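First the structure, then my questions, so here it is.
In this document, chain identifiers A, B, C, D, E and F correspond to the written order of the chains, with residue numbering beginning at 1 in each.
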Amino acid sequence: MKEAKGIGHCKVGEPVDQYLLIKSSVKGVASNGKPFLTLILQDKTGDIEAKLWDASPEDEESFDAQQIIKVTGDVNSYRGRNQLRIKTIRLATEMDQVKVGDFVESAPLEVDDIMEKITQYVFEMRNPRIQRITRHLIKKHQNDFLTFPAATKNHHEFVSGLSYHVVSMLDLAKSLATLYPSLDTDLLYGGIILHDLGKVVELSGSVAASYTKEGKLLGHISIMVNEIGQAAKDLEIDGEEVTLLQHMILSHHGKAEWGSPKPPMIREAEMLHMIDNIDAKMNMLDRALDKVEPGEFTDRVFALDNRSFYKPNTPATVQKEPANP
Amino acid sequence: MKEAKGIGHCKVGEPVDQYLLIKSSVKGVASNGKPFLTLILQDKTGDIEAKLWDASPEDEESFDAQQIIKVTGDVNSYRGRNQLRIKTIRLATEMDQVKVGDFVESAPLEVDDIMEKITQYVFEMRNPRIQRITRHLIKKHQNDFLTFPAATKNHHEFVSGLSYHVVSMLDLAKSLATLYPSLDTDLLYGGIILHDLGKVVELSGSVAASYTKEGKLLGHISIMVNEIGQAAKDLEIDGEEVTLLQHMILSHHGKAEWGSPKPPMIREAEMLHMIDNIDAKMNMLDRALDKVEPGEFTDRVFALDNRSFYKPNTPATVQKEPANP
Amino acid sequence: MKEAKGIGHCKVGEPVDQYLLIKSSVKGVASNGKPFLTLILQDKTGDIEAKLWDASPEDEESFDAQQIIKVTGDVNSYRGRNQLRIKTIRLATEMDQVKVGDFVESAPLEVDDIMEKITQYVFEMRNPRIQRITRHLIKKHQNDFLTFPAATKNHHEFVSGLSYHVVSMLDLAKSLATLYPSLDTDLLYGGIILHDLGKVVELSGSVAASYTKEGKLLGHISIMVNEIGQAAKDLEIDGEEVTLLQHMILSHHGKAEWGSPKPPMIREAEMLHMIDNIDAKMNMLDRALDKVEPGEFTDRVFALDNRSFYKPNTPATVQKEPANP
Amino acid sequence: MKEAKGIGHCKVGEPVDQYLLIKSSVKGVASNGKPFLTLILQDKTGDIEAKLWDASPEDEESFDAQQIIKVTGDVNSYRGRNQLRIKTIRLATEMDQVKVGDFVESAPLEVDDIMEKITQYVFEMRNPRIQRITRHLIKKHQNDFLTFPAATKNHHEFVSGLSYHVVSMLDLAKSLATLYPSLDTDLLYGGIILHDLGKVVELSGSVAASYTKEGKLLGHISIMVNEIGQAAKDLEIDGEEVTLLQHMILSHHGKAEWGSPKPPMIREAEMLHMIDNIDAKMNMLDRALDKVEPGEFTDRVFALDNRSFYKPNTPATVQKEPANP
Amino acid sequence: MKEAKGIGHCKVGEPVDQYLLIKSSVKGVASNGKPFLTLILQDKTGDIEAKLWDASPEDEESFDAQQIIKVTGDVNSYRGRNQLRIKTIRLATEMDQVKVGDFVESAPLEVDDIMEKITQYVFEMRNPRIQRITRHLIKKHQNDFLTFPAATKNHHEFVSGLSYHVVSMLDLAKSLATLYPSLDTDLLYGGIILHDLGKVVELSGSVAASYTKEGKLLGHISIMVNEIGQAAKDLEIDGEEVTLLQHMILSHHGKAEWGSPKPPMIREAEMLHMIDNIDAKMNMLDRALDKVEPGEFTDRVFALDNRSFYKPNTPATVQKEPANP
Amino acid sequence: MKEAKGIGHCKVGEPVDQYLLIKSSVKGVASNGKPFLTLILQDKTGDIEAKLWDASPEDEESFDAQQIIKVTGDVNSYRGRNQLRIKTIRLATEMDQVKVGDFVESAPLEVDDIMEKITQYVFEMRNPRIQRITRHLIKKHQNDFLTFPAATKNHHEFVSGLSYHVVSMLDLAKSLATLYPSLDTDLLYGGIILHDLGKVVELSGSVAASYTKEGKLLGHISIMVNEIGQAAKDLEIDGEEVTLLQHMILSHHGKAEWGSPKPPMIREAEMLHMIDNIDAKMNMLDRALDKVEPGEFTDRVFALDNRSFYKPNTPATVQKEPANP
């Protein structure tokens, strides 16, 4: 049963018999006057809605968000979306030897490896002011930095998504700096590491994150711009580097209407914005295209201008044809 | 001669014989190969362009920006704009007893009166956290706060324009709080006093202000949000008030595309934005309409959506007419 | 039972036993083939949906819009919205001594007080042309003016909302004219009183208002511009005042894309637009914030750019702390 | 000399010896301190700038706008634009037998023919309410209607341009009504005839027209909507037709941002908007393309989204080629 | 029974007993765990949703899209939309003598008549290059050209809609060319005939059309621009005409944001865009207005800026009234 | 003299004595009635305006665009821009041993090296269809591909700019494909090589390029989409690859309003758009920042949203400071 198909891959009509995590649980009342629960159940491969009809008060209490359950049933279609029809359901116990982490997607890199890579990039910095501010802020938020998602949805919305996104961007930056040697890698690495770090204040946690009050009223950009100023003060660092780092954070969304009160005005800030863009888009594209077969179009991806993407059906190597141009 | 007509009121054809301040001086070379100076000359009523033909190297050196001169000539029109044709020109000396302040527009209220009014509003605050942060930041920047303009152009672009704008807004806030009693005046007064205070870092000085490097890269909004955080830390103040004040500064431009990364999300922030708007617009409107006669349209005002405004020609009290509706 | 909790304040799970007004009644057929009614029931505090299952033809006829009913049941949640599950329902009779007015929100000021305040402002006008046109049009539409809502939704959408909105704006104008003495109060008061008066033609009535044919095809702005022209003709009034008043009505939405074919081009028109804005926004903000507790965010308010607002949790007076800045 | 080349067709280097109308005359002062006049001189084919150096006070007085002059000189190029270098200049006298009308472009149809065509269309109307209102308003403004331009620039900006534009649109409407028989020609003809009639109040006259105060503050759309209401009242006409005609005028710019507070909401209003568009665009296109040779691109036409148009170089009939598809 | 009321005209409560075409069939599972089918059933007058409860596996197989059924039941309302409650349902057999074509809307002109009209317009062309390319491409795609719809929704979305739309546009072009003789009818006719011909590749078929892979990735505009280039090559035609025709296709959506990478840059391209617009809009308007009675407003029409249109209630000929203006 | 300072680096007041290429030459007439020439003179470092006063007819003929001259004079400032005051000027002769190529900027890579790199990338392709189409089109346009600029202004607007831009993008693509292994390098390389190749038809030549008629009416995107279709036909290649390559060209501007009628709908198309963006922006940024000193802001760069960029003044390695966080 361990080898059960991921819930995100089940097709209509298939039976289900596996452990799942309750993502959310909402009570309703059916047209016959009896209460029921609408559960969203998930594992690493996706989630599915399920109705628990005629729910008793005990059911309501038991089957709450963040609980793991053992469920059997089959997959139906309701209004064009998959729905799990429950046959049996029970809470998992210690004896089932399952834990929340088994059902939650996380970065394809271990936390220790992520930290090691970032440490290496910080080590490569030659400007001590940028290096010290960056190191100071990583240290201050290290635990959350390594476990938070990069967002609540759209891209890198999984455990450790934030730091994993940073590592991908750093690798990308290193490549680009080889091709465009005018780039100052200290500024660029520093900007990348700090650009979304304010999310550890903006968001509520590493799993099922929502926005905090400070997140809503100030946003992660302003939060981090403030923290850099504070860090510089605490470390007694003066000099243009502080303003430059703050500017890079401030401008990394690229335009006022995307949340950056100043557009990028230094070369590295412009590059940071483009690198962020590339990594986020490739993450979204890969995830959308992984769900379809060659020759098919994906569902519309809202965060990519609501586009639907095509997965080519072209063999990497085509049978040699008679060449005659 | 002290009673000379202001340069902003001179008409084409009128003679000029008065002291003026050189706002800017740029060298050029005429089609005959000889150097000349293009001077912008100003007094409190406006400014005018003048060409100093066949300028000697000494002229170039003497007639530089921020110098006061005594000039005679007459007003011509060139490409639809007034131009001063210079007959005689000399630098003012100590014996002329004129000073830069005589030629620069300033707020209609004395600095001491402005400070007194603001102090009174701070005194009225009941929330000690808001009061202490506000007082701390006024004290920190007091001198610049009282002399800087509110902007480099468009509205309140005169000596003490910044603090004068704040006083008008405070009076307006007091009136509005009477009509809408749900408003929290502590937040509102604090937000008004601090909303543009970052301009003392963003701009270069009280006269002929330009943007500083920090001003360009961070902007007055982020600068002040940081300063509030810093003040709270220095004063060991914790609590929602800090976030609320920061939010008010952050959101006072109203929309992302106008430079506020977050829109107003508390009642007082929305009101601060509207009060700022009203006072800036009335200032621009009054200045534009003061230059025309009843029955005329003003020039287009760029900062008011490039509109041209009409000055009604309607007697406040019309001769009584036979009433018969 | 008179002291029943308002329907807008009931929580999921609470019992209901009270009189309510049927706002709308729509027939449907359930999956078992039997007809049912979807009722929207309201009192002054809000409204709630209810299903009347197995509705007989008599039920359909009885439980129609604008009828008052006595209902018992309890509040459930369906798809995230509250729903009333009906246990018993009957039409109210004369003996219940309830009337439509008991269930409909209205302005916090009595109609007579509203009229008196407006009359006073008209009396203060010194320009007889503006005064006579204004008085003439108030008189013409007096009854509807005093009972119509200011809109069908968003702000002041209650009985007498139109004239109450006008009174608030007049008070605001009076305050502003003290601070900005260049404003001509005759024009401003006249513009305020007439600005939305065309709604008495645009809308169908004082309760459950919809748009009339003329309202849809011409709009309240054009309707009132025409009426001012007509009034001037009937009163044999000539002069710029007529054009100015028409311009104020025409431009009070501020921009072409908001329905004003001309933007404000006189000082008082610009101010009218801003005053209208302030009063509408404060009305919406107060209503949204009244529904939440300190420390909470409101639902998104569509007419305020879909923003969600925060209600501060800051005591007006905080315990005195040791002051030492 | 009557056969002089039109000033709009003169090339750089060509001599000029002809009568021209002074469109505008502005005084300036040259770098040598002497006054000069900048004249815009026109005939039916276009206009050209000319400088009159060392202008005496008498020159200033004589060579004023709307005067006809006899001038000799040649055409130079200054900053990429043609300029007339004046050799001799004198005012035309009665003996020259020239009049303003000789220098001003006008519609290709005589005023009497225009009036006759419009009368015929009014005659064809079957709905007496629409017919009477239309006839009443034509009669009221007949003289101006027949001589005013349709605009101050862009399209039909010549004497009688307004009524000529109406005639073209009526012919177009007649064709379209044959193809789309659901169109009500009474409404359509009425709407066309009245759609821009408000311009006789909005503009100052038939030659060198500028905007009047009423034109600026209300606009021709609101002016005509009011006049229709007034006409209906004067003629004691009631009924939907009045609202429909007003709606057609109101909506004929198509969108709020183009000045129509309501978009077209009846079939004939939508068609009126499209007919207006076609006739205006074809007028602009024909005028722009008439100035270039086949195989060339026109200058950018601001009112056509700043596009430059290509004049094909394709013979209407190509030599027959061997056909073999 | 042949004379059954069209399904698009049935009202709530009316019985249904007729043949209908299954447009789509989707399986679901009811809250009782039993499968059901959601059918969309159509005839020429419209379509309606129906639920087939307790559907057996045989039902699923039988009642598939493109099948014709005989059904009895009655019309209910569910969430504001009509729904057919099925009493009996069976597949039509050969003996019922019904065919798909009976249930699908098609152009009001026979295919042969359409082809004849288009042939006539091609015959009138005088430029042999344009004529040959046009004829070649019609011939290549003739069958699909004559049966495809012009779009999958919005306008002319019926069998032969594409070619019928072309014929209407050609008639319109002929009228316009009489009024604006500067138009080159060869270019205009050629552009009209080819403008949407790429849809025979972009769409999947003449009935229930969807977008093909090539349609999604390239679009009908690029497809046809390519085909014109190919045709010219195949026919060994050189000359500006090829580029001009390609430009007309390329630019016929008018603006980049509407899918035309180049805006119209020749007179005929501008006219093609406007003609396309007129014919599409009149088609949509007529269809929307046909569904309502005089004095009513239509539903909002999404493709017409979401406007609702009014159908005037004005007698074409009003009783003569006493005329006295 | 060969070691003369580049004209783009000369400051006001410096003498000039060097060879320069005439970029353009326009005749004017001075206020004294005498003809003069406005020359734009360039070398690889930039260009400067110069006036040749009292130009004889022979001067006009001699000093034409594309001629090389020997000039002496000095640099003045006129209206804020540098201007060269000419003392002596003569045409260069054969004996001067200068050629146009000496004065025109070109790519930092030799044409042979560019070609070799591109050949290598084509060689690496594994899909023979993509490879053959790409090779065929390179061969067809090889000469122009290797010498044309990438644009007439903004970025890579120098000799061989087009192919140099392609090489930079290919290197970038190779790096990115390592980081994002899901990318199909055949499609990506093919798309990069062909994406702007249509510019060899769109533009007029390798130096001082302007737009051709076909370029204006069709644009380089449609031109190349057609050529790919043609190439596939000539090479008898069928299969999805053709459509995919066409789609990549079609969509590489990213959005309809930027000239791409379809947005990127495959992974490689999205990446092509981002790579194009990065390389163009880095080219513009480097060129703008090369002109200023550390600590300065650049002029506004129109093609980068009119931003002004700051060149940091931060030493790559800062003196070690006492580290103590």
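Definition applied: contacts are C-beta pairs under 8 Å (C-beta built on N, C-alpha and C of every residue); 3 or more make two chains touch, one makes a residue touch a chain.
Since we're looking at a predicted model, the values are computed, not measured.
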Listing by label each chain that touches chain B and chain F gives A, D
Chains adjacent to chain A and to chain C under the stated definition are B, E
Rounded to the nearest Å, the gap separating the Cα centres of chain D and chain F is 43
Between chain C and chain F, the Cα-mean centres are separated in Å by 60
Check: chain E positions touching at least 2 other chains come out as 31, 213, 216-217, 240, 244, 265-266, 297, 308, 310
Each pair of chains that touches is included here, namely A-B, A-C, A-E, A-F, B-C, B-D, B-F, C-D, C-E, D-E, D-F, E-F
In the complex, the residues of chain D that touch chain F are 12, 30, 51, 53, 76-80, 83, 85, 297, 308, 310
Listed in rising order, the residues of chain B that touch chain F in the complex are 26-29, 31, 33, 35, 213, 216-217
Residue positions on chain F within touch of chain A in the complex are 126-129, 132, 135-136, 139, 168, 171-172, 175-176, 178-180, 182, 184, 186-187, 234-237, 239-241, 244, 263-267, 270-271, 274, 277-278, 281-282, 285-286, 289, 297, 304-305, 307-318, 320-321, 323-325
Given the complex, residues on chain D that touch chain C span 213-214, 216-219, 221-222, 225-226, 229-230, 233, 240, 243-244, 246-247, 250, 256-262, 265-266
